[in-house]
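Working notes, structure below.
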């Protein structure tokens, strides 16, 4: 495997094979599989789960990793092309990224969306500008529109819960948050659920529809897998018979990159906090999913998050297991 | 071993077995004992020795670790229960702690006392609120009143120095410091020395007596082991025939959580800086112990700290060896 | 090997043996060579390449490392001797360095020049004050005047490029930079090239001559190896037939430690930015070397840095390989 960048690059069979491997590694450790192998971890944005789970994954397979993150003194990395570096930044990504990559057998890169221009972010301009600099195998640890490690973990979680691939009812719901958050998780989660073949409803208020190209990509995946996607602003209708509600806040797409416009749009939407009453029409064992971190009492009520519907810790642990499978395929002796 | 939280949870035989293991691992490395095992390290307060020695300990046993610390971008962790998270904190410990624990085979947690209310801190309210969230084996890396890894290292240091368990004379002395420091080290060191069976004197000025419950817990341990404890404000009397002076500054217990009251009480106590003249009545080979970090010229004079009495570096290295024994028992094949 | 501090401590045969080992480890990994071994990494100054490459090197050899750096809460380390520590610093290097060293089988230390007094820095006063505190084997990760890991990597790069040891033409050129930078890289690079037996020209403007003692040390090495050194302010003459231009900015030596005086001296020297026209008289395949980080458009033009002459990423990767050889000799079974 040369890159783990987007679930769309893999067939459903390949994803199922990864998840079988993840399950096998969970019960049958392989503590020498990646002996002497190094994973470079480059975070241009902060992290907790990704930071911890990748380090743990490499250790469990007998290898190791190192972390370069914005919290560290990395001289201030310059990203603009063609710049005269006479300011504070002492190093350009054109050197830093290939150098960091050269110390590892693979590199994980996290680079969030700039969130200035939607077309630029949809084109993955920034993330691609980084991976264009390297020839090492790489893993997308969250880019403008993708978060494949989260998607793989969530797919596994749906399997673990016995939610059927075809016929399973999955609601992806926008939730309130004081800030405008990236589109990577909602966009790639929609794609994951569609590709898995589920019946997916995107529940969101006006102004928060996902971009057309994202909806189209997911629609094509749904069609190929026997699933479906639709959008709704009506909570009761969307939640009918739902087996999963996957909550996430995201920025407005009509006021993308416009802080004030976005704030105006989310004004009065505080009731988009997933609470017990959301589940009235849902399947009785409907579960609550979220990628974390999550704001209690804002995105979801304490009652739901601490109650039996919540599988957020299970999802987070699956991050490590899914990544172990990816690393094993990417760096193991059979790779 | 499910938890290493308090020396009081272990018999003297169990502690001696841990220290025998520590000695064995020092001379006979076992670089594959914890192959593929992961220790999660969660620091809610800063660290140098603990941070370094736990990472080194896991590597020496063939495993690995990862660190989550307040220096890193962990979104600002919210700790209050029942809060609506509409401020700056993006994640609650109720998610963060179980997630971090889920990536490891064991977790080490450091969470200092809040130092607002003595009863709350004596009850280990904050530390217990963290360990209540997890089912993984855990290690206390310093809580409000406990620092068992330091205690184990110090017990080993006393053994290494040939200080007798019964009949050994141990002085725990308050020392001056510009700031009010936690009670974890003095409280748990007193308990360690008492449990080891030594004759322990707590030397401290007025207002700095250790809490009653701490004195009682240590007294019971001393009685069971054939040791004794007493308190004194008289340096010359306390130091008579002392074989060990263990210096540490700590906050006032009468003005606990009251910054100004504490400052008032420590005013004029600058002479509580351990210097050569403290040793006039002591045993000729009386040693100086301290858990570090220590302020030179404030807590202890340069002459004493750089002289032959000081065993502080020896103590610090024993941190690693003791922790290797704990990790080996907690995570090794015989665990 | 007890210390890797200065290329001058090794014969050319010993250096060639290290580089043979580095080449062997590159093609024939030894993922258990340093099983259970620990490298302590102490950074008193920031780092990217050194931080990443040492961690990767230890992992590749089956051991591990831990990092203590100024970005972390290390209580503020006090370095002054004989000080009463009643300010903000909570720990003195006299405890911190031996403790950190005691957890490792070897320690890497980075401590830049103070850049107040040239004689003090030439004497390596600060770095020696740290290594005097320990008995563990140590590696200089950049001190006031030395950067032996960079020098070893650069020597290997010259070998890899097929640049002859005797007769090879090496130009070390001062370059513009808005700030006064340390002398460690230019001083030790000059020594490396001279010791390798090359014909070395130091190209620099007035006020930026390297210190006499540095020139003399390099001159003696050149004489012993059949090489030569000379200085020039004339770019065209210096670059004639050059096979390597090694660019680096450094502080003025006539206004050393004098920020304003240095700024005055570098005023108007912006044309000391290596660009295509510098290569007019050079050998046709003349290469561009730099230790990184480098400021684009300031020290070197984008055209040169992104063009075929540049070998800066190759140099950086050689950091890891050279260090693997050093660690293998220092900590391996044959050490």
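Just so it is clear, A, B and C label the chains in written order, and each chain counts residues from 1 on its own.
Everything below uses one rule, namely that contacts are C-beta pairs under 8 Å (C-beta built on N, C-alpha and C of every residue); 3 or more make two chains touch, one makes a residue touch a chain.
These figures come from a predicted structure and were not determined experimentally.
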Classification of the subunit A:subunit C interface as same or different, half of numbers criterion: different
Rotational angle, Cα trace of subunit B fitted to subunit C, multiple of 5°: 120
Subunit A-subunit C separation of Cα centroids, rounded to whole Å: 40
Touching two or more other chains - residues of subunit A: 64, 71
Residues of subunit C touching subunit B in the complex: 35-38, 40, 63-66, 68, 71-75, 78, 82-86, 90-92, 94-96, 98-100, 102-104
Of all residues in subunit B, those that touch subunit C in their complex: 29-32, 46-49, 51-53, 55-56, 58-62, 64, 69-71, 178, 292-298, 302, 305-306, 312-313, 316-317, 320
